[in-house]
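Look at the two complexes coming up: chain A is in both, with chain B in one and chain C in the other.
Right, the complex of A and B next:
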């Protein structure tokens, strides 16, 4: 029997058996954890945070986002890794055999009902399947399929999950090549030409502040940056920070030509700031079909490459 | 959006998600996922990948948010099936798009197909089942 066959045989001995000790959630379903999750996902569905909106949508009170089903019973952070009762022996078998890499490849969740504040989630996991050795983009490995059942304090089912991970042997010898091939953007995002006249603007953007030039003599605001006031010709100026509120003055949707570092179709806005000047910036998180002239927008900043920020707007 | 507006082939408004390291870490922490490949670049590289990458729970959350942003608070998520492909590495951007696949008028269910693409290819292919019905438990 080869080593690989032996490993699969030993791993398959776990099939049909509990993958780990059953878990009762340490904390009940609670609003602070829901809020943190909604913040991280950018999810503003009111049924997760606003009791009146949840009742209007047919619930008794706020409910947890369904995707949090398996969050409540996740193992807590422990320096040095998981406690022995939290580890899955079937996965440790692969670790010991050198398949130390792990990535999740599939999740299927079925929900029987939405969870509400105070629900305490219990979970059991069964090993469902262990694959033969497979050659994958990440390296040689085995797929391990786990099936979870989630219940409430009364023992009634609230949902179930199929979770598949790939345990793979990190191709260390090829890591350098893989890195070169896998870096998402080989062609960098275009950068602005920073000059004596506009450096203040880009310094402000780096600090997540949109600065507008203001003539020190007559007080007129101007943008884009320039050395002289077009009204009184003064060369003296200061800056004011824009509030970030504005409306769409115009917009264009770019389809061609396509620059490698940008995403298309690219919606570019001309925003009339509340302060009265207009700025050009991209639209975030919406399609052009949601746009109309005059629609309110709010300023945000996008880190398009590490350390390189651009101003952008989302629908307000 | 109401159930009666749904027709197969209707597309969802696209959503761009910048995959910053901060986004990856915020998602991992909010989903209580402390696997080091989701917050520690050196640990990720020692496991043969170039950078930290998004955990599947965050992808699940973003896909569900994408669908309910469009469907509205009356829609209930009944089921989701997600398959991951190209990882969401720090510095990339993911574009989510979606389409109504099937509408079941009798059961008041709709299936939505979602695809999320990044600079490497397709990160996620998902099918979400939404329900609009009065028989769904209130809690």
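Right, the complex of A and C next:
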């Protein structure tokens, strides 16, 4: 039996058994904890924090956000690591075999009832499944699926959660990748790089004007901006404001990769402006099926973040 | 102007690591493994290396490679810009250096963990300070046009519109590459051919490009040893002559977004490379026995066929539909499986396959292949070589 097969066999011996010692929540369901969770999540639903609003909604008092289900029984932070009763032997098997990386891949929760102030949650985690060895973008690893059963003091079910993690073998080089995947963060909309040569273009966009560089000597229009006219080599230039009329010269519909700030599928146009130069920008408010090369479009602007404008086009 | 030292330099050794999605070791280690493997194949002691050449978007400095292989005196080193577009250019520089007597043994290399360590195809990340290059990306990335696939897709859509090519025509390129990869044990997609139906059913990456129009990011390394043709005659491998080697950048050239030319369905920089290669070699399209055409994305194989005169303008789709890229076709193409099928080592693995074809050792050998064309990255400033069998 190979080491890999042996590891899976030993890990699968845990299937159907508790993954760790069952735990009772340290604190009953309480308003301060709910408040902090709602603040962190940006959840402003008043039934979680305001008793009057909760009663108006038909509850006896405030209720906990259902998604907090597993929060109540989470292990506390311990600088030295988890206590022996909190550790999961099935995961430690993989750690010992070099699969020290971990990333959560799936969470599914089911709720039987709302939790009220004073409820005390109990939790048992059961090993549901251990996958064969898989090759993933993070590295070689195994998916471990855990099923959490949540009950109240009376032993009645209040909800359950399916939680899947990937235990993977992190090559040294992958530390940054693994961390990035585990901790998603908001990424601002990409900014253009502004130089002496193109500042006029981006300043114009801020003022809702699409400016095209025009050679002051020979009158040739050019885009993207540059310091010298490729036709007459003059360094002198002025700008003309585009009429905003144009036609679709080409277009793509982007599915992958995705920027957090944009909506997908994302249509991106190469527009030939009436003035004769081409620009790339997004299409507003139209499905790709209506698109074809040669269609007329009209310039607009979209505020992608407060104070950050980009040109965009509508079908004309 | 064809002062290239035709046939004066030769490729005498090729080496590579395995191609994978997770090499499990450093890029530098991949580089030195491939370089020493190529030297061992050539029968040349690493201490003899006095020239190293690579191209940008490779993270292995020449001097790091050099000190690790126990080099002593490095007389020639250069690194050519524009990533995969430069795949043929190190051979040009090596041939020039060797024929000029500047260096005796030049090793060209490419080594990376572009899949496991970073995602090469995931998009452009700007540097902290604005430069002319980052200013360029500002006209695309804020609109979400941020990946190599997306930049190619824009030109591909226009090509389809003007020339009546279809997604199936792009798919036929992928199918033939995967067919060749299926019988290449080194290929990532060994024994995994695809059908045109699978190509059509594969998910969109950037319309009009399906997943199976795109090569996969790879970990791996390839190295090529160049020395004088004279010395090559006494070495252990059949010499493969560098008959012609050229670079090209053309009108209103941009890095993958030359969208401002009158005609964006042509690869004018590749047409410039083609004109030089034919002038240097004295060969014409009819003399080319097989080709390794850069296929990071399938659509750009079509205008390459046109740039080199294998098909007329807009007629590459017909050339492909007639089966001419197959082993028994007019121009057996990407016999190793291409970057769509073998691995995406930014064209350097294609150079190695060109060498095998001329030696007669490809796992999909084209009988009697005497002149083999190898091209580099498309949509970018590019390059190409013609490799030839000694008379």
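Definition applied: the second predicted complex is superposed on the first by the 172 of 316 C-alpha atoms of A that agree within 3 Å, B and C clash if a C-alpha of one lies under 4 Å from a C-alpha of the other, contacts with A are read in each partner's own complex, and residues count from 1 in each chain.
The rule we apply is simple: a residue touches a chain if its C-beta (ideal position, glycine included) is under 8 Å from a C-beta of that chain, and two chains touch if they have at least 3 such contacts.
Since this is a predicted model, take the numbers as computed values, not measurements.
Contact with neither chain B nor chain C is seen for A:220 once the two complexes are overlaid on the shared chain.
In the superposition on chain A, A:53 makes contact with chain B only, not with chain C.
In the superposition on chain A, A:139 contacts both chain B and chain C.
Touched residues of chain A, counted separately for chain B and chain C, are more numerous for B.
When the two complexes are overlaid on their common chain A, residue A:285 makes contact with chain B while staying clear of chain C.
Contacts of A:305 after superposition on the shared chain: chain B is touched, whereas chain C is not. By the touch criterion defined above, A:245 lies against neither chain B nor chain C after alignment on the C-alpha atoms of chain A. Judged by the touch definition given at the top, the superposed model places A:254 against chain C, while chain B stays out of reach. Looking at the shared chain after the overlay, A:101 reaches chain B, while chain C stays out of its contact range. After overlaying the two complexes on the shared chain, residue contacts for A:114 are found with chain B alone; chain C is out of touch.
In the superposition on chain A, chain A positions 139, 171, 174, 304 are in contact with chain B in one complex as well as with chain C in the other.
Chain contact summary for the complex, chain C toward chain A: residues 21-22, 24-26, 113, 115-119, 121-123, 126, 130-132, 134-147, 149-150, 153-155, 157-158, 161, 203-208, 252, 257, 259-260, 264. Residue ranges of chain A in contact with chain C, taken from their complex: 135, 137, 139-140, 171, 173-174, 177, 189-195, 197-198, 202, 223-224, 230, 249-257, 259, 262, 265-266, 268, 270, 277-282, 288, 293, 304, 310. Within the complex, the chain A residues that touch chain B are 33, 36-37, 39-47, 53-54, 56-61, 63, 65-68, 70-71, 74-77, 100-114, 116, 138-139, 168, 170-172, 174-175, 178-179, 182-185, 263, 284-287, 289-290, 302-306. By the touch rule above, chain B contacts chain A in their complex via residues 13-18, 20-23, 26-27, 29-35, 37, 45-50, 55-58, 60-62, 64-65, 68-69, 73-74, 76-84, 87, 89-93, 95, 118-120, 134, 136-139.
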